[in-house]
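So, here come the structures, one by one.
Consider the two complexes below, in which subunit A is the common component and subunit B and subunit C are the respective partners.
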Partner chain A sequence: MNILEMYDVHTYIAGFHILEGVTLTAEHSKLTILLGRNGSGKTTTIKTIMGLTPASSGEILFQGKQIQRMRDFEIPWLGIAVVPEGRDVFSDLTVEENLLLAVRKGKKIKKQRLDYILDIFPPIKDLFKKKGKNLSGGEKQMVAVARALVNEDELLLIDEPTKGLAPIMVESMRLALAEIKKEATIILVEQNFEFASSIADHFFIMEHGKVACSGKIEDLVHDEAIQRRYLGV
Partner chain B sequence: MTSQLFVNILLSALSLGVIYFLLSSGFALVFSLLRVSNFSHGSLIMWGAYLGVYLVEAFSNFTLGLVVSVVIVGFFLALVEYFLFRRLYGGNPLFELLLTFGLIFILDEAVKLVWGAALIPVNKPDFLKGTVMIYGEPFAVLRLYILSLGVVVCAGLYLLLKKTKLGLIITAGIENKEMVRALGININKVFTFVCWLGGFLAGLGGFALAYFTGLSPEMGASQLLNVLVIVVVGGLGSFMGAAIAAVIMGLAEAFIGFYLPEMAILSSFIVMFIVLGIKPSGLLGEV
Partner chain C sequence: MSMKIYFQRYWAGIVILIILALLPLFSSEYTKIVAMQIFIFGVFAISYDILLGYTGIASFGHAIFFGTGAYVSALMMIKAGYSFWATLPFVIVICALIGLLIGFLTLRFATIYFTIVTLALGQFCYFLLTNALTYQYTGGDDGLHGIPAILQTKTQMYYLALAFLLAMFFIAKKIVSSPPGKTLVAIRENEFRAKMIGYNVLNYRLIALVISGVMAGLAGSMNAAVLKSVFPSFMGAGTTIDVILMTILGGMGSILGPVIGAALVIICQQYLSSYFEWWLMIFGIIFVLVVLFLPQGLIGIFYRLKDKNNTSEQKLKNENYNRFKNHFLGKCFQLFRRQDS
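The block that comes next holds the complex of A and B.
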């Protein structure tokens, strides 16, 4: 079953035609990866799903329901959370406040949910009272992913979580995503092919605002011609 | 200078600073979240003054007149946000300039239509007349009242911004509106609320001012200048900066006024000159 489907989605930003007919699907409970060179439209695809750069035509279906006409702030309520490329942890809020701001129902993070988050990212416990601006890059990334976990959303969109991280942080992020994958569907944008192939189930490679090819990750791992052509591996 | 005199000047300076804080905080709050320079802020201050004084007399009740007038001025700016500002976000800033200048003409002419163009002296209610002895020196009750009003408003704003979810949203929205929306928050509603709050604060500042200066149809324009100097000194976009700048302006005006009375009228420009000379972006301004 597909949790998310996009059919021939076009998006314009500031008059530029950025997505030129994206068609892709993400299977429930799987990790789908978006690959492709810089500027191929991966981030715009994520933002278009979230309604932040709305689609001008085409269809986006979440659990079979059309969402491409919904307002940006309505989309998370369907059960979709995003970890943006820039992390976007609020710098004047503490880590705790950053997490609280994401809580959609009720006032606090549920105890059992908080335990789950701290289980995945133990260092966050000691960062609670720290302001976003005082975090390191790796800490910000943890908080950004943790923030996407507070509501038990079914679909997580995670944009380049390893960008600029030290190798040891990349490895702990990989372990975290492997854990998160057990209970949520993930669409992951990733440049690091080794990282990507170690946890993904399906892949879509983007080029010039379109999907150039897709399939099961095992097939890509063995297809060096495609890797060379689209990824420059 | 005796220490009594010093304390007395200090208290006057602080009450002046509080008025400046009330006058400028609404502008700073609206600018920092919405990035709209609301040039009609001075006119809202004037409306707070005229309407407040009028309603206090109409109701024969100081507190009721105060509350109703500031709430109305708040609603006015909330409506302006909902029906007008909202159409301009992300567009050419020139349109905002034209819109808020247009509002100045409308609001200022409306004051003249309703209350006339002449200066109107304002009678203090009995409980604000007279002086109390503080540290062996007489101190005007009115100033004490303003000081406590400022403390209450400051505390209220602090609690709102730091201790409520709405405050978190405002702080977060000042930094990154897109991420706030990506968390499922309708920040447009928060914009409307912040404009209500901005109008409320302008009205409150104007109301307090009226009991010092009386009413004049020119007060909107002159207060706008004051407000702009304060927010520039504080650092455009920084709410805290504006609050600190307001208090510094009060201190400067009172102490310069004591030592160099002929320079008092220039005190805010002297402060601006010094602060911007050292830090061109203002006290807490970015970059």
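The block that comes next holds the complex of A and C.
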């Protein structure tokens, strides 16, 4: 079953045609990865799903329901969480406030949910009272992913979680995503092919605002011709 | 919290409060009036801080609310014989409606457009007051005079204004430290991120504008009651610029800072102007020095004393503050850039 489907989605930003007919599907409880060079439209795809750069034509279905006409702040309420690129946690708020801000139902994070988050990211426990601006890059990334986990959302959109992280942090992020994958569907934007191929199930390669090719990740790992052509590995 | 810890933490505030409480016993009438102006403009600056410091919206027409509050109270008291207290609910409702109206018209756009439109609206309201058509109601350039006194003595009035400032100070503190207040800070920092976690940014900004407007309106009413007259300059661009100066000088995003800023600006206005003809130049130098050396405003001195042991954190704070300011200025410049391309 597909949790998210996009059919021929076109998006314009400031008059520029960015997405030129994106068609992709994400299977339920699988990890789907968007690959592609800089400027190929990966981040715009995420933003279009969230309604921040609304699609001008085409269809976006979440659990079979059309969402491309909904307003940007309504979309998260359907059960979609985002970890944006650049991992900006709110710098003037503490880690605790950052997490609480994302809670949609009630005023607190549910006990078992908090345990789940601390299980995945144990270091967060000691950061609770620290302000966002005093965190290291790796810590910020942890908080950004944790913030997307406070509601039991079905779909997580994660934009380049390993960008600018030390190798040891990349490894712990890989373990974390492998853990999160057990409970939620993930769509991951990633440039680091090695990282991506180790956890993904399906892939979509984007080029010039379109999906150039797609399939199972095993096929891509063995097909060096495609890797060279689209990813320049 | 035990009494002792409480005192240790807030001793400076408690000492200042005691001094303020005793001040009218040994001060001249003139000093009392200056102090009342500080209290009232302190509230006005707090209201502006909620808008600029916490929500990150720069309004250049905030005097609209201040002037509306003053004129509504004055008109109702003089022409219709209402008591001062009976006018306050009207002030609250009218200012809230104006806030909603301005917000609906302008908050949809990026910050810089909001700034320009509020400037225009402010000037529009000012000319509305001084227009010949409205002269019979508003008294034109002369303003309205002869508002009945609401309390017998200046000293009583002084305590009322002080209580007003304290009440508004604690209400504002409560608002900005509540979860919705934190949401405002989040929206100021990154509107898109706030949307991505499901917040209706427009509604939050509207609420901030309404709260801020009502607070400014009440400050205006209070000013009318203290001065027993109102002038169109209450609604003029000069008043807006004063409140912006107070907020930035004192330190935005701190609630206490703008009150300190209000004290400095009004003391300079009242006392420097009687000694120096060119007092504005001296004031300008003070302003430049503060912006250069205390990027967090005067309240930054207190932060510095507090975090003496933790200089790295202080550096980070300054850096972030600058980033925020650059961010706003950056938005201004974007306007020009867009026209270039």
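Some notes on this structure:
What we mean here is this: the second predicted complex is superposed on the first by the 233 of 233 C-alpha atoms of A that agree within 3 Å, B and C clash if a C-alpha of one lies under 4 Å from a C-alpha of the other, contacts with A are read in each partner's own complex, and residues count from 1 in each chain.
Please note the rule applied: contacts are C-beta pairs under 8 Å (C-beta built on N, C-alpha and C of every residue); 3 or more make two chains touch, one makes a residue touch a chain.
The model shown is predicted, which means the values in this text are computed figures rather than measured ones.
Taken together in the superposed arrangement on subunit A, subunit B and subunit C clash. By the touch criterion defined above, A:Leu52 reaches both subunit B and subunit C.
In the superposition on chain A, contact is made by A:Asn134 with subunit C only, not with subunit B.
In the superposition on chain A, A:Leu61 makes contact with neither subunit B nor subunit C. When both complexes are overlaid on chain A, the residue A:Ala102 reaches subunit B and subunit C alike. Within the superposed three-chain model, A:Leu114 lies out of touch with both subunit B and subunit C [touch as defined at top]. By the document's definition of touching, neither partner reaches A:Ala212: not subunit B, not subunit C. Steric collision with subunit B, judged by C-alpha atoms after aligning on chain A, is confined to one stretch of subunit C among 5-13, 149-157 or 311-319, namely 149-157.
Taken together, the two complexes place residues 50, 52, 72-77, 82, 84, 88, 90-93, 97, 100-102, 104, 107, 147 of subunit A in contact with subunit B and also with subunit C. Those residues of subunit A that touch subunit B in the complex are listed here as 50, 52, 71-77, 82, 84, 88, 90-93, 97, 100-102, 104, 107, 147. Here subunit A touches subunit C in the complex through residues 50, 52, 72-77, 81-82, 84, 88, 90-93, 97, 100-102, 104, 107, 133-134, 147, going by the rule given at the top.
Interface residues of subunit C, counted against subunit A in their complex, comprise 179, 182-183, 185-186, 189-190, 192-193, 195-201, 253, 313, 316-317, 320. Taken together, the subunit B residues at the contact with subunit A in this complex read 165, 168-169, 171-172, 174-176, 178-187.
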